[in-house]
Amino acid sequence: MTQLTGHSASLDFSQPEPVDMSSGKYVKLWQGPQHPGITGNMSLELTLDGDEIIECKTHVGYLHRAFEKLMEGRNYIQNFTVVCRIAVPEPAFNEYLYAEGLEQLSGIEAPERAQWIRTLNLEMMRLASFMMWIGGQSGAFGLYTVPNWTIAYRDYVLDLFEEMTGGRIYHMYMVPGGVRFDLPKDFDKRVKEVMDGAEKLLDQVERVMYNNVVFKARSKGLGIITPEMVDPYGIVGPNARASGIKRDLRKDEPYLVYDQLDFDIISGTGADAYERAYLRLQETRQCISLIRQCMDRMPRSGPLQAEMPNVLHWKIPPGETYVKAECTRGEYGYFMVTDGTEYIRRVFVRGPSYTHAIAVMEKLAVGTNIADIAGLMVSLHTYPPEIER
Amino acid sequence: MNLKDLLSPFYVWQRAFEKPYTSMRPIEERPGSPSYRGFHINVADTCVGCGCCHTICQNDAIDMVPVEKYSGNKGDSGLRPRFDYGRCCWCALCVDMCTAGSLRLSNEYIWTSREPADFMFVAGVEEKHWQDNELGYRREKSYHLYPPRRIEMEMLSPDESIEGFDEVVKGYDVEQAKKEADRCIECGMCVATCPAHMDVPDYIKSIRDGDYDEGLRLMYRTNPFPATCGRICTRRCESVCPVGLQGDSIAIRWLKRHIVDQVDAKDYARILNDNIEENGKQVAVIGAGPGGLSAAYYLRKKGYEVSVYEAQDKAGGMLRYGVPGYRLPDSGLDKDINYIVSLGVEIRNNTRIGTDISFESLLNDYDAVFLSTGLSVPSSMRINGEDHPRVLSGLQVLADAASGRDPGIGNKVAVIGGGNVAMDASRVSRRLGADVTILYRRRISDMPADIEEIHEAQEEACTIVTQAIPVEIMDAPDEKQVIIKWGEAEMVQDPKGGRPRPVLQEDRMHEDTYDCIISAIGQGSNLDYLSKEVQEQLAIEWGRFTPGEYQHTSLEKVFVGGDVANRTADAISAIEDGHHAARGIDRFLRPEMYTELDQEIS
Amino acid sequence: MLKITGADDIPEQEDVLANDGLSEEDRKLFSNARPKKYEPYPIKAIEDFANWARANSLWILGFGTGCCSIELRPLMTSRFDISRFGVAGRPTPRQSSVFVIGGYVSVKTLKRIIRSYEQMQGPKFVVALGSCPANGGMYFDSYNTINRLDLYIPVDMYINGCMPRPEALLHGIMELQNDIKAGSCDGANRYVENFDWYKANQKKIIKNWNMPDYNW
Amino acid sequence: MGNLTSALLERLERDFDITDITERHERLTTFKVTRDHAETLIRELRDREKYTHLNFITCIDYIEDGVFSLVYMLQNYVTHTMLGVHVDIDRDKAEMTSIHTLWAQAWTYQRELREMYGINFPGSPRLHEDFMLEGWDDMPPMRRDFDTAAYSTEHFGHVDRESEEPRQYMKVQFYPNRGGDEE
């Protein structure tokens, strides 16, 4: 049963009063964009009282490439290669949502096997992304062994992607209408191998990182997201689930073949950085299970692409849609408007980092100290490129 | 804090005994996966330079650059893609789009340089070390960015079609035409190949947009015979259409016909809106075939007063008398001709130059004369008994059928030849109820006739006997019959590398009896209407004119075009000759209009 | 080779920089000295030894400027383990000798890149990844990303690919090492020699220039 | 589920004169509301109808009609449906009531819209600070009439490369004498 948070009148989310810098009591410190403790290329403008943060402002735009503008000038098939660049560590969700949106708007349906392969692809992407995140989180708290495991192991998942899609990072695999080509020979064997290894690795990671006294001490109680904050701040995904809000688009609004897969929504109640980290570890394990299910239950053969018009003159009738999927960080959405021409009228990409890295981060940072900022930032799992697009 | 948490991190030591992740020599050990999207490979000999990769590339990373080696080859634009790796994103859309299937990606991925401008190369032309890489991304066979198969054209079944002279092809309906038009990739190779340079991609686009008025306007810019060409054009455009390389070429001819079918003849004037400003000069055109009428149309548009002289009783030339009604019904031809006439072109039928009116008087009366008298004399087979009364010419049979006369062919017919006239004559004979045997010197693949024509003839139960050389024609016991003696031939390779030559096998001779023999092995010109002096002044080789750049001849005021002045002998070339002669005549008669233009060009 | 146009037209160089982006007060805080060219050791053997040492301790600045930076993480962790080649990541420009530009560069980032680059100690090298710094790449028509990086800072090595794989990066870094050993990596000196040209280019697109002309 | 939404839509139609109700897919319905009613309507959807989650605020530039169509996407986590509230505002006097008091994240979207489209949201915090761009002095770049390719060429330069069209190049190859004449 979905829990509701509602909007409590008592919750104050007005902006803080400006700090009086002239008093000489405070120090302004920029963390980023050139800083080892920042995710990606963004910056935090911190105002400090001693080492306590009394104000945090997020500055974004260092990665702004104007995707939404560029897409308005490229035709539908050309855009399919552009979208994956919007979120670098997780391009597959962009590919899927863009393809799904176009299919909805133009009334094309991807064949069943393609849907399964897409699901497999998304779950593998989730696995790779979580692996990298685990490395990032532990690195942010000063544990440098774990990244050397997980980020290196993520590479084996990327090897699978390379075989499956022809690309390591940017797959450009889920074309509108289906997927580009079939799974390679003996792919299931290699998937099994990698998954078995990953499972073992996660157990090791749990012991070394999650049971680590340093990690526990630093992450417990850090960045608590109360359930009341969830709706006003637009918090989604693991960040919300760690606060006891059971929401998962894969379950609530099933897309692709998620309704044919067995899994439960994982949630926690700790609401702090540790809980979020632990929840993500469990979700990583869930990924492995989902990938295995996909490999087992997928139809062995079948068409991979729907019948498509000539992409050079592909016109889509006027329409508007919002498609979303559950990525590692929560709701990832594409709002798409077509106007009957060969070019899209408007795309808006809603990445979960948009709220997590700005409004939420600015709220949670206050009261923490400078040493924890990096850990807090990672614990919210943000990717700057999807904020600025 | 509990002790377990404190000790747990020391678990890392366990990994000291496991296999490390590190790959020792990554560059050598890890080639890209078998479907990796690495650097481009283009098989330049297969590539036709259609430029689709350039069109689809959203990064503007691909330029089409001329490559000497490939310029001027048939069906090849002479251009090859140059990749700029300062732009490329390795999405491989170019590979998916590649019509020739020549483009693929290797699994090579390492390229470093100190100079950004280095990252540019013409794949397949400039040597690269990954050129022979077998692995890498290729398009999956089932995946297409454009529909490769043609929309099926509805046709009369062979049984229905031989019942009469109804048009065999039914034509696309709007829905089908839209779908077929959607397949076009707008490369423009058809435009370049078409003798008349019709704006094919543009009028196909007008079908997609449903704007038939625009389509008609575009066609009339270069061709005043769209209804005719939409049915019987030899369509060199389709033979170079790159979509045909890995699928079926676009049905350009049927789409052209579709536009004409959709526009009512009485709307032509409104749509085309040919405003004519009279310029007071007169031009005579000899021969109301496609060449002559095309010249007449474009001259009339420029304001000339045009008279067309025609020996037959109706205009159209070979289109009317040489093409049977099941391919080109009179209604189609008349639609084109009527519009030309409606602009004020005067056609004088039943007027033969040389007998009814002399060529010299035309030269005196008009400011310019355009000759396009075509090829009307059947070529000789050069065998004994050729003048037998039961030997008919293919052209004559076709003309009789077109005029509704009975050519008197009987019930068992042999047709000699492998060109379109032979096929037409055979199929006409089938429709007149005869059993038809086609005798051809070479193989089916050598036949000059359209492959579709050949297939349709076969479907209509015409027997084709190949490698059969006629030797002699003899009287039969029954005087309504004739005996043909023919021998089997072997194809012998030409040591000089030309096309194989059939050699008669003296020991394998056959004699067959037929009701008549139709000879259709080619035609020649009849230039008797020109006096000896005039013929001498006009450069004539092998019965054909060799005109200059603007279809002009060495005799002032005389321009020539059509079958009698080109080597291709098809309608579309004649139409272009007429159009071009109109330009030439205009330049000749009104040079003042062009002086500025010429200066610009020079 | 990049053609340095307009280098001749620049008037006689003044000894100090104007720092006109700064307020009167700030000007007192920042140096207005011009950058100095690196002069090799007079004895070739010493210079060669220095180059060998430099090539084998390349420290990369930890600044992920674009998407290609994501491949730096696998490169630096155990699978590709670039520390084997004497390469390590450093958090601050003062300790770094290699600046890896990870793909496209937005105008806003370019300003930070310039600051970071100028703060780096010589000898310093720039490696540019992917298509975007070479000729605009995928974002060639974007209003917020530059098309050619070498108009703004000198680049010593381009590694091609979108994005280049860790192996390609490895290869590129080894090539860079070879170049350094041969003493042919002169990007920093190019920057000094054509300083005014680079500055003019930078200032043309960075609208609010509120930093010293040379961030040292 | 569908009934729930349709009853709601009927009520909104009555109370707020909403128009252009379109079902986009089974979970998403969009409609249009006037600028004056928008804030009240959104507040009511949030407080009474459990549309508690603001997915995003964005804008579509209908330059041909001279309007910006703002889109507020609201999510109901009980019925798992979404409502897309469109509000058309005048393109020349682009101004809209701020909803930063309704959602703690709303001001970020409004800041982006101010920068990318030049829409003013009076009272919205930090509205005029640079968001993604820095020192931008041209037209707000997401407007339809802003030409990004031209801007890029002008400011960032481009490498001169030449490309031939098969159509023209091939024509000259095959018919060298006839390439020049058009009419």
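Should a chain be cited, it is by its letter among A, B, C and D, assigned in written order, with residues numbered from 1 in that chain.
To be clear about the criterion, contacts are C-beta pairs under 8 Å (C-beta built on N, C-alpha and C of every residue); 3 or more make two chains touch, one makes a residue touch a chain.
What you are looking at is a predicted structure, and each value in this text was computed from that prediction instead of being measured.
Trainee: Sort out for me whether B-C or C-D is joined by the greater number of C-beta contact pairs.
Mentor: Pair with the higher count of C-beta contacts: B-C.
Trainee: Averaging only over C-alpha atoms, locate the centres of subunit C and subunit D and give their separation in whole Å.
Mentor: Roughly 38 Å separates the two chain centres.
Trainee: Taking each chain's centre as the mean position of its Cα atoms, how many Å separate subunit B from subunit C?
Mentor: Averaging C-alpha atoms per chain gives centres 58 Å apart.
Trainee: Using CA atom averages as chain centres, what separation in Å is found between subunit B and subunit D?
Mentor: It comes to 49 Å between the two C-alpha centres.
Trainee: With centres defined as the mean C-alpha position, give me the subunit A-subunit C separation in Å.
Mentor: Subunit A and subunit C have C-alpha centres separated by 31 Å.
Trainee: Provide the list of subunit C residues touching at least two other chains, using ranges where the numbers run on.
Mentor: Subunit C, residues with two or more chain partners: 78-79, 108, 135-136, 138, 140-145, 148, 162, 165-166.
Trainee: If you look at subunit B, which of its residues touch at least two other chains?
Mentor: Touching at least two other chains: 21-22, 58, 84, 86, 89-90.
Trainee: Two or more other chains in contact with one residue: find those residues in subunit A.
Mentor: 61, 64, 66, 69-70, 73, 82, 149, 152, 155, 170
Trainee: If each chain is a dot and touching chains are joined, what shape do you get: line, ring, star, complete or other?
Mentor: Here the contact pattern is complete, since every chain touches every other one.
Trainee: Given the complex with subunit A, which residues does subunit C contribute to the contact?
Mentor: For this pair, the touching residues of subunit C are 61-67, 69-71, 73-74, 77-79, 89, 91, 93, 104, 106, 108-109, 112, 116, 138-139, 141-145, 162-163, 165-166.
Trainee: Which subunit B residues qualify as touching subunit A in the complex?
Mentor: Answer in residue numbers: 1, 4-6, 8-9, 11-12, 14-15, 21-22, 32-37, 55-56, 58, 89-93, 96, 105, 137, 140, 142-147, 182-186, 205, 208.
Trainee: Hey, which residues of subunit A end up touching subunit B in the complex?
Mentor: Subunit A reaches subunit B through residues 74-75, 77-79, 81-82, 143, 145, 149, 152-153, 155, 159, 162-163, 165-167, 170, 172, 175, 180-182, 184, 204, 207-208, 211-214, 216-217, 303-305, 307-313.
Trainee: Report the residues of subunit D in contact with subunit B in the complex, numbered from low to high.
Mentor: Residues of subunit D touching subunit B: 159, 161-171, 173-175, 177-178, 180-181, 183.
Trainee: Mind listing the subunit C positions that touch subunit D in their complex?
Mentor: Listed in rising order, the residues of subunit C that touch subunit D are 107-108, 111, 135-136, 140-148, 151, 204-208.
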